[in-house]
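Structures incoming, each one as structure tokens.
In what comes next, chain A is part of two complexes: it sits with chain B in the first one and with chain C in the second one.
The block that comes next holds the complex of A and B.
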């Protein structure tokens, strides 16, 4: 190990951190391991004591717990409560943990028994309505994204370790997209939630010419009505907007307010 | 001396998903070898019901964070099959390349 780290002359304690997952694809944790260029620096900053996807050793003494995934079964509530008890700081890692993520798409059906039958038939399987972590425990910090943007997480974790306040951008992805000098995707015939989605991803998708799907949830003061007007101007119908708004759960407060977004019953789908 | 032991791995490490392995060996003979999938179900098949086809690759790519490319490509292929589309050789080759990333 290199010399002990310090910040502004103050020595830094390497916090013990644990990574955990509930119902998720574990892609957010993988993001951290993917970043080979800065992985060693990251590992120097914290001491990882629990990271099932990345290592065999396990410890239950940690200062910061990063929890990925949403709660979809009762035993996950118990596990989450236990993690909360052990940790000083609990971080919701990724959109599943923050909003329910793609998992919450099943919540849009009125009849959860139908959802179970559709996939598993009569095989007994336990599940429940999908919830973000904050529905059961206190969440100290949320890191948005599906998946999380590793550069952003490294910045946030660095801020946490040195004791700086963690700030999320209040402005939308559109700002970063413009700063990256991209041609507006609407002009290229691609629908996009960039005008309303919280920035911080450095316009990851839109810089690669894929329209934004709103995985990071709404920017402060997101103007959904204006987005609808823009979409309408460029010839995209309401279904495209709603599909994207409901995909990761971040816009739940907006989509649930819309009367057309009432929960679907499976019988109704056949007509479309 | 012949081996007798119990191997119980709770939550396999360094993989995506939750699985347990239970193995029981008596006098060098494997009596039980059990693989338990204790992963929570997420119901992707149901999530897609009623959705426009364009959503499928985006949603299916989230089945697994490690092999998301495979799931995305499989989903795209399913959509293509449904519409009777055969991708060009260039596209097919690019997809094979993607799978090796």
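The block that comes next holds the complex of A and C.
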């Protein structure tokens, strides 16, 4: 391994890091590997002992565990508990790990057996309702996003190594969207969850003229009630806002309060 | 003040004379969902890109003197210490081709804080001093309440100001640079007919204002209505998204972040514009938040604009451009907020 780490002459420990995935697309980990321009600096900052997507070697001694994905099978609970035991810091990496992510869409259906049949047909696998990591183990840090923003992860890892506090923006995406000089998508006739979703993505989607789907979960003190009224004023029906709010699971506490008839029944789904 | 008149086709010639510089002006940004045209300020490369008959731009010209994000300093670190590099991010003069009076007045107000205060901001000063501003008259829109704020005409803070007289521009010349520049194109002294036409145009314009804000005794009324229920009602509507501050031509509040690079050998200090409506604006070390409710934050923004600034500088920090109300998804507009606090529905 390379020279000992130091910042301004102060020696720093190079943390041993493991990357793990439960049910997910592994896209968040891929984001990190994709960043060729800074990959070598990133690899110098930490000692990676486990990263299935990036290397062959395996090690179970690590300080920080980054866990991508959500829990959808019983064996994943065992695996997650084991990772928690080994790690000093457990980081939920990406929206699946933080909120259940796209996977938790299946929780919208009342009859999970029907879902299993639709997806796996005559080859069923053991699968249960989708959960975020925090339903089973203590999570020390959440990194939001689908996928995560690699620059943000690099900043967080640097902060962890030099011992700086890690802060997430508490305000909504609108703040970053306006700072990027975008014209509000509502004015262009598109729905958007930007006004209630936690910032930090640098308005990735809305800067590309795609309305926000809320992958980073709610901003602190998000005014959902008002957004629903605004959606209505702009001519978007309740189904449109619910589709977005339920997509990544970050707004579960808001959507679960919704009346049960909004939960899709298999029969209704088949018709569409 | 010197007044001149020139034919409209001379304006393209004026543009060519200035085109050795970077030119910023109003450009079209397509249409909104109702088919109304949208405009914003941007760098232009051709006279034909300019949309001088623009209705109000979505964003203010603020970012050209006060960027949303600005690197204040970069550092090279070594085991023995660090070296600091400061760049004011001023590389060339900027020509503003076609700025409405409200925005000119907004820059004048920013000057009070950022250029004429005890500690002038060099990053702002560098950009501000290197501006050449051509003002242009406008037609009041439904959201405009600049007349109430006394900012419907600009007295200083520009080089040239154009008023459309039909086939000609009536021009106010404020600086020697502008005077020299106009000597390069064909202009004449205004005739009595043109003067009458100019006065007529001004009179017609003043008839078109629809939105108003009653500013009489406003500082005192705000003081008296600190506990008004009206604030709670507006706070309930507010999304705390910071859009109002970002489109505002005078909101200058900011935060500073320090960032260590991934290689641990470089670092930077970045300033980013913030908004007092954001939930973490008044959060301090230790986690205490002085203004945890949306209502208290919204109120704070109005108190800064219409009370605190007036007490400090004897003028409001609001120019009445109405951008905040137009951009606000929750339909919170200064004329309505102030009227409700005054007790007028």
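Worth pointing out:
In this text, the second predicted complex is superposed on the first by the 253 of 272 C-alpha atoms of A that agree within 3 Å, B and C clash if a C-alpha of one lies under 4 Å from a C-alpha of the other, contacts with A are read in each partner's own complex, and residues count from 1 in each chain.
By definition in this document, a contact is a pair of C-beta atoms (placed from the backbone, for glycine too) under 8 Å apart; a residue touches a chain by one contact, two chains touch by 3 or more.
What you see is a predicted model; the values in this text were computed from it and never measured.
When the shared chain is aligned, chain B comes close enough to touch A:27, but chain C does not.
In the superposed model, A:38 makes contact with chain C only, not with chain B. Look at A:54: by the touch rule set out above, it reaches chain B but stays clear of chain C. Contact with neither chain B nor chain C is seen for A:136 once the two complexes are overlaid on the shared chain. For chain A in complex with chain B, the touching residues are 22-31, 52-56, 72-73, 76, 101-103, 105-106, 109, 114-116, 118-120, 125, 127, 146-147, 213, 239-240, 243, 247, 264, 266, 269, 272.
Residue ranges of chain C in contact with chain A, taken from their complex: 29, 32-33, 38, 40, 58-59, 63, 68-69, 77-82, 236-243, 246-247, 259-264, 272-273, 275, 278-280, 283, 294, 327, 329-330. Across the interface of their complex, chain C is touched by residues 5-9, 12, 38, 41-42, 44-45, 154-155, 157-159, 161-162, 164, 169-172, 174-175, 178-181, 183-184, 186-189, 194-196, 219-221, 223, 226-227, 230 of chain A. For chain B in complex with chain A, the touching residues are 11, 13-17, 40-47, 49-52, 54-55, 58-59, 62-66, 68.
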